Amino acid sequence: MNFELSGEDAAFRDEVRAWFADHREQIEHTRAVDWEAGGEAFERYRAWERALFEAGLGAVTWPVEYGGRGASMVQQAILNEEYTLADAPNRINRLGLGLLGPTLMVYGTPEQKARHLPRILACDEIWCQGYSEPNAGSDLASLRTRAVREGDEFVVNGQKIWTSLGRFGDWIFTLVRTDPAAPKHKGITFLLVDMHSPGIEVRPLIQIDGSARFAEVFFTDVRVPVANVVGRVDDGWTVAMALLGFERGGGLYGPALFNRILRDVVELSRREPRGEGVAADDPDVRRRVAQSYIETRVYELTVQRALTRLARGEAPGPEASLNKLYWSEMKVRLDELALDILGPRAELGPGSPQAENDGGWYGDYLYARASTIFAGTSEVQKNIIAQRVLGLPRE
Amino acid sequence: MDFDFSSEQYLLRDTVRDLLRRECTPGAVRAAWASESGRSPERWRKLADLGVVGLTVAEEHGGAGMDEVDLVLILEEAGRSLLPEPLLETTAVGAPLLARSGSDTLRAEWLPRIAAGDATVTVGLAGSPYVADATADLVVLERQGALHAVTQDRLTLQPLRSVDRARRLFSVTAELGDDTLLSTSAAVARWAFDHAAAATAAELVGVAGAMLDMTVAYVKQREQFGRRIGSFQAVQHKLAETLLLVDSARSAVYYAAWALANDTPDASIAASVAKAYASDAERRANAEALQLHGGIGFTWEHDLHLWLKRGKALELQYGDADLHRRRIADWIYATAG
Amino acid sequence: MNFELSGEDAAFRDEVRAWFADHREQIEHTRAVDWEAGGEAFERYRAWERALFEAGLGAVTWPVEYGGRGASMVQQAILNEEYTLADAPNRINRLGLGLLGPTLMVYGTPEQKARHLPRILACDEIWCQGYSEPNAGSDLASLRTRAVREGDEFVVNGQKIWTSLGRFGDWIFTLVRTDPAAPKHKGITFLLVDMHSPGIEVRPLIQIDGSARFAEVFFTDVRVPVANVVGRVDDGWTVAMALLGFERGGGLYGPALFNRILRDVVELSRREPRGEGVAADDPDVRRRVAQSYIETRVYELTVQRALTRLARGEAPGPEASLNKLYWSEMKVRLDELALDILGPRAELGPGSPQAENDGGWYGDYLYARASTIFAGTSEVQKNIIAQRVLGLPRE
Amino acid sequence: MDFDFSSEQYLLRDTVRDLLRRECTPGAVRAAWASESGRSPERWRKLADLGVVGLTVAEEHGGAGMDEVDLVLILEEAGRSLLPEPLLETTAVGAPLLARSGSDTLRAEWLPRIAAGDATVTVGLAGSPYVADATADLVVLERQGALHAVTQDRLTLQPLRSVDRARRLFSVTAELGDDTLLSTSAAVARWAFDHAAAATAAELVGVAGAMLDMTVAYVKQREQFGRRIGSFQAVQHKLAETLLLVDSARSAVYYAAWALANDTPDASIAASVAKAYASDAERRANAEALQLHGGIGFTWEHDLHLWLKRGKALELQYGDADLHRRRIADWIYATAG
C-alpha cells in the first residue's frame, strides 16, 4: 500500500500540470463563453480540444497505434484530476473520445477506424449519442427507431431524445431496430449516421434550467450506408453495452470535482450570514459539511482502490454501478447542502442581483438530480449490484 | 375532540378548488412566469369576491371574520395549484398583523380595501434578504426588531429573479420613520413569523400532495421493461413512504392553524413542528417525483418543474427544517426538567 | 375543529383517572413482579385484570350485551392514555379482549360466545395466538399445521411459533390447514384449541434479550371438536384477516407511550455526562430530540385525526398500515437515540452496576426493532399502502 | 499509487481467517459468553504463535515488527469472527503505545512478554466509563489527561455485564502515582484514541461484512409468497445500498491504517472518517440484517444476535459517528479559509 505516485506517474502529472499552467490564458478565454451559443464560441472549444490533441492529451488512454499514448487508467485519473484543478473547459469531444472511439477500436471495421478515429482525435467532427427515446429510458432495449434495409442502405425513421451536442454534431452513433420480429434485445443495430444527411431534424430540448444542452433528433427516411453498421446487423445490443461500459466504468468520475465543490461549500458557509454570525457557526451546517467531507474523501479512496485493481489488469465489472450510485447520490447531497446554506437566497436565479454565483448552485443542483437518472438510474444500478455483485435471484 | 373540518370549511375549500382549477391551471402559472407583473388582477378579484382575500379580516371591516383554521385548507389549495398571488402575504400574515397591531386609523384605512380586493399587503420579516410581492400597496417590514407599515412612496424596489418565476421577489429599501412604525414588540414579530411559517407549511403540503398525485398517476401508466413502473416494489415503497410523510404533515399543519387561531401556549412550537415536518415531507416528495418521472421531468415542457421549484423555494422560507428543529430543541430544554 | 374533550368524554377520563389513582397500590404491587415468573406473580396480573373488569374497564368498547360498556374509540383512546400515564401493568388478557373477543362477536356461534366471552372478560381463561409458523412469517397463508377431520373432531398436527403467553395459555386460537389441495388462502380453518388437550407441548422460545415471553407450541395428534371452528371450515382466512384488522387498526398505539419515552429521553439527556457537560449540550442530541418531539407530536395528532374519522362512523381501512408503519419506525429511532445518548454505557445489561435503568433501554430498543416485523413487516405495510391506498398495480 | 495489500499481507490474513474459522466458530463465541473468564488462553496462544499478537511489536522485542496496515485486515477478521480476545486492546493500541511512550525499562519488561503471548495489555481512555479486559496484566489508564501503565496489584476491578457477554468490561479504580505515569502528552493520548478508533472501525467493517454475508445467504434461500425473498426488489435495493456502505467503509478503514502507520498530517482525521463511516455502515447492515431475517433473527438460538450486539457495542466505542463528525467539522473550520 502506497499513496505516492510512481516516478513515471509523477512525471506525467508534472507534465500535465505544467501544460495547463502554460495554457491558463486559453483556458480562461475558452471558459469566458458558452459553447451553446454556437459560432465563434463553439469554435473556441474546438480549438481547446485541438490544443489538447496536439499536446498528446486529447485521448491519453488510446493506444499509440490509434494516436493516443497508451496511458494507464491511473494516468487518465491524474489527467482528470489536473484538468479539474486547472478549471479547464468542458469537453465538447468527450462522446467521440471517451465512448465511440474505444468502441470502434473493438468493434469497428478497418474502414470505420480509418475514417473516424483520426477525425475524432483532432476534433474535426463532433459526435453525439442517439440512445434514449421518449418511451425507452431505463428500458433502453424497448427503442422503436427503425431501420429498413434497401440494397446497400438502411432507411431510418424515428426519434431520439437527450442528445447532447445535438445542434453541433456532425455524426451520431445510434441504436435502431432492424428486426421488429426478434426478441427485444435482438434485432437492434448500432449505426453511425451523418447528421448532415437529408431527413434529419434537430430540435433543441429545453431543460428545466432553461438551457438547451440537449436536443431531440428526428429521423425521416434518412438513408445510411450499410457500411456504417458497427458490429453485426441485429447484434447492436452487444456493441451498445460495451459502449455503456465505457460510460459507466471508464468514467470513474474524478474525485477532484467533488473535492472542489466541497471546498466551495465550506467557503460559502464561512461567508453566508446566518443570524448574528455565519452559516459555519450553525451546528447543522457543520454536521452536514463534515458528512460531505467524509463522503467525498471516501469516494476518493474508493476510486483509488478501483484504479489499483484496474492497474493490476482486473477488468472493470458491475462494481462500476457502485461507483455511479455513490457519486451521483453524494453529489445531490452536496448541492442540496449548498442551497440550504444559501437559505432563501438559493432560489435567486441567473441575472438576479444578490444571487450567489449567478444562480450557479441551483443549476448544479438540478444537474446533480439528473445524474441519478442518466446512464442508468439509481434503481437500475441497485438492481445490477444486487443481481450481479451479490448474486441475488431475479424475480 | 374533533380533529376535522366542518362541512362549511370543506365547502369553501371545494369552491376555491373549483375556481383554481379554472383560473390557475398550469398554463395560467406559465403565463404568470412570463408576464410583466406575474399577477392577474382578474383572478385576485375573483378570489376577493369569494371572500378568500378578506377571509381573516373582521366583518366590521368588510371581511369574512374567519380564522387560521378556515384559511389553512385554502392555503393548501393555493400550494397545490401554485397560485401566483400574494394570498399568504396578504391574508395569512399581512391583514391579521394589521388587525392585531395597527392603530385604529391604519386598520380602518387598509382592512376594508384589502377585504374588497382593492389593496394588497405583503411582509418582509427578518432573516429574509428580500420581500415577495413588494409591489403591494402596503409593505410591512421588520427592521432592527421593529415592524413598519410602509407605502410605496417610501420604498425603492429592485426586482430579483427567482428560479420559480411566478415568485416575484424584490430587494427593498425603505425610508422609515415614526410615522411608519407598526410595532416594536418582539412578541408581535414572532407572532408574524409563526403565522408565515405555518402558512408556508400549509402551502408546502399542497405542493407536496400535488407532486405525489402527479407521480402516482405517472407510474400507473408509464411502462418500462414490459410493465407499469408503478408495479415495481421499489417504486411502491418509495411512494408509500412519501404518502406517509405528506399525510402526516397535514396533521401538523392543521393543528398549527388551530393552535394559532386559539393562541395556545404551544402555538409557536406547533408552527415549528408544521414547518419542519412539511419541509421534510415536501423535500422527499420533490425527490421522488423527479426521480420517478425520469427524463421527462427534466424538460421545460413538462409541468412538473413548476411544482419542484415552488416546493424548493418554500422549504427555505421562514426557517428551514433545521432552524425549526433548533427552535424546538431550545424550547424543550428551556422548560423545567 | 376542537381539541377539547366532550362533556361525556371528559367525565369518562375523570372516572378512569380517579380509578387509577385509587388503585396506585395495586398497580405498584403488580408491577413489582414479572408475570413471566409464573405462579403468584402471574396471579397478581390476573387479579389486576379482574379489578379492571369489575370496574367496567376491562373491555370498554365491547357492546353492553357482551358485558362491555359500548364505549367509543375515542374513549378507548382516553383509557389507553390514562393507562400509560398511570404506568399500569402490562395486560395478560389483551389477546382475548382485544382480538378474539371482537372476532367471536362477529363470527362465533352462540355457543362459542356464551362459552368464551364471559371467561375472557373475567380473565378466567388466558388466550394465546397461534398464527405464525417457522416457515410462515409474513406469508401467513403458507402455514402447514394441518387438521384432519375424523367424525366430530379435527386431529391437529404441526407447530406454531411466537406464541405470546404460551406457557400460561388455557386456550389458543389458531389457523390450521384443512384442505391441502385448495389454493393457499382457501382450505385454512380458524380453530379454538384447549391448551390442556393431550398432544400439546409448549416450549419456551428464548429471545435475543434472554427472556422467554414467547413460546413454540407443538401439536401432535391433538383432537379438537368441530364445534370449535370459528366461521366456516376452510374459510378461516376471512376470520383471520378480520382478527388482524383488530390487531392493526383497533390498536392505534397510544401516543402517551411515545410521549413518555420522549420525556424519559429528554431527562436522560439532561443527566448523562458528555465531555465537560451533559448530552443535552450536544447539538446532535438536541437535533435528534427535536426531531423525535416532532415525530411523536405528529403521531399524536394523526391518531386524533383517525379517531375523529372513526367517531364519525368511518370504517378503519388500509390506513391502519400507515399508522403501524409510522409508530414502529419512530419507536426504533427513539430508542436508538436513547442508546446513543448513553454512549458506551448503552451496552451495560441487566444486573450490571452503572447500567442505566438496569439495561431497560437496550431491551426497549430490541423490542422496538421487533415491532417493524410483527403484525406485518414494514415491507408488507408499504405494499398494502401502495396497492390499497395509492392504487398502484400489483406486479 | 497502490491502494491494495501485498500478497504477503493477504496471505497472513488468510492464515488468520483459517485459524479463526476453526477456533472462533459461533459455538466458540457462545462458549465465551458462558464461561467464567470469557477468554481462551489456548486460542490466544495460537494467535501469538502465528505472530498475530505481537504483530506490532518490534523485532528486537520478539515481535513481527509490522504496522497498522499489516494489522488492519486481521482486525477486520477479528470483527468478522467476533473474536473474544483483547486483540484490539493489546496489539492495535496497548503494545504500540508502550513502544511509543514507555521507558526503555517498561518496554523491555513488557513487550517481549506481550509478543510471546505471555502477557496482555489493555487500555481505558477518557470518555469511556469502563475498561474492556481489565484483567489484563497491564492496564493503561487515561486519568486527568495523563496516561498511566498500571499492574493488577494497584487495581480494583468491578465486573460489569455487557449485553454482548463476550465483551468483558470492568469498572476500574486504580492507585496511581509517579511510578505508574506513562505520558502526560495530550498528543500521545490523542494518538492512542486515534488508534483505538481506527481499529474499532476495522472491526466494525468485519462485523458489518459478516452480517451482510449472512443476510445475503439467508434471503437467497428463505421463501415467502412462493418466491425467494432475495428476489424482491425492495430487498435487493436495501442490500445493494448496504453493500455500497460496507465496501466504501473498507476504503476509509484501510486508508486510516496507512495514515496512522505513516504518521501523516491527516492521520487523526482519517481515523475519524473511518470510525464515522464504519459506524454508520455497520448500523445500516445491523438494521437490514435483523429486518430481513425477520422473526428467526430475534431468537437466542440463531447466531445473528451475536453480531448484532457486537456491532452495536462497537458503534458507540471510541466516539460515535456524530462525535467524529464534530471532530472533522472542527478541523475543517480550524484550517485557514
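Every chain is named by a letter (A, B, C and D) in the order it is written, and numbering of its residues begins at 1.
The rule we apply is simple: a residue touches a chain if its C-beta (ideal position, glycine included) is under 8 Å from a C-beta of that chain, and two chains touch if they have at least 3 such contacts.
Predicted model only: the values in this text are computed from it and were never measured.
Trainee: By CA centroid distance, what chain is farthest from subunit D?
Mentor: With centres defined by C-alpha atoms, farthest from subunit D sits B.
Trainee: So using the touch definition from the top, which pair is joined by more C-beta contacts, C-D or A-D?
Mentor: A-D
Trainee: Using CA atom averages as chain centres, what separation in Å is found between subunit A and subunit D?
Mentor: Their C-alpha centroids are separated by 41 Å.
Trainee: Based only on mean CA positions, could you tell me how far subunit B sits from subunit D in angstrom?
Mentor: So the centroids are 52 Å from each other.
Trainee: By the touch rule stated above, which residues of subunit D touch at least two different other chains?
Mentor: 232-235, 237, 322, 325-326, in rising order.
Trainee: If I count partner chains per residue in subunit A, which residues reach a count of at least 2?
Mentor: 283-284, 287, 379, 382, 395, in rising order.
Trainee: Given the complex with subunit D, which residues does subunit C contribute to the contact?
Mentor: Those in contact with subunit D are residues 132, 134-135, 137-139, 142, 161-162, 205-208, 210, 282, 284, 339-340, 342-355, 359, 362, 366, 369-370, 372-374, 377-379, 382.
Trainee: Considering the complex alone, what residue numbers of subunit A touch subunit D?
Mentor: Counting only subunit A, the residues touching subunit D are 1-6, 9, 74, 266-267, 270, 280, 286-287, 289-291, 293-294, 297-299, 301-302, 304-305, 307-309, 311-312, 322, 325-326, 379, 381-383, 385-387, 389-395.
Trainee: What residues on subunit D touch subunit C, complex-wise?
Mentor: 127-130, 158, 160-164, 167, 169, 171, 223-226, 232, 234-235, 287, 290-291, 294-301, 305, 308-309, 312-313, 316-317, 320, 322, 325-326
Trainee: Residues of subunit C touching subunit A in their complex?
Mentor: 283-284, 287, 395
Trainee: Would you mind writing out the residues of subunit B in touch with subunit D in their complex?
Mentor: Checking each residue of subunit B against subunit D gives 232-234, 237.
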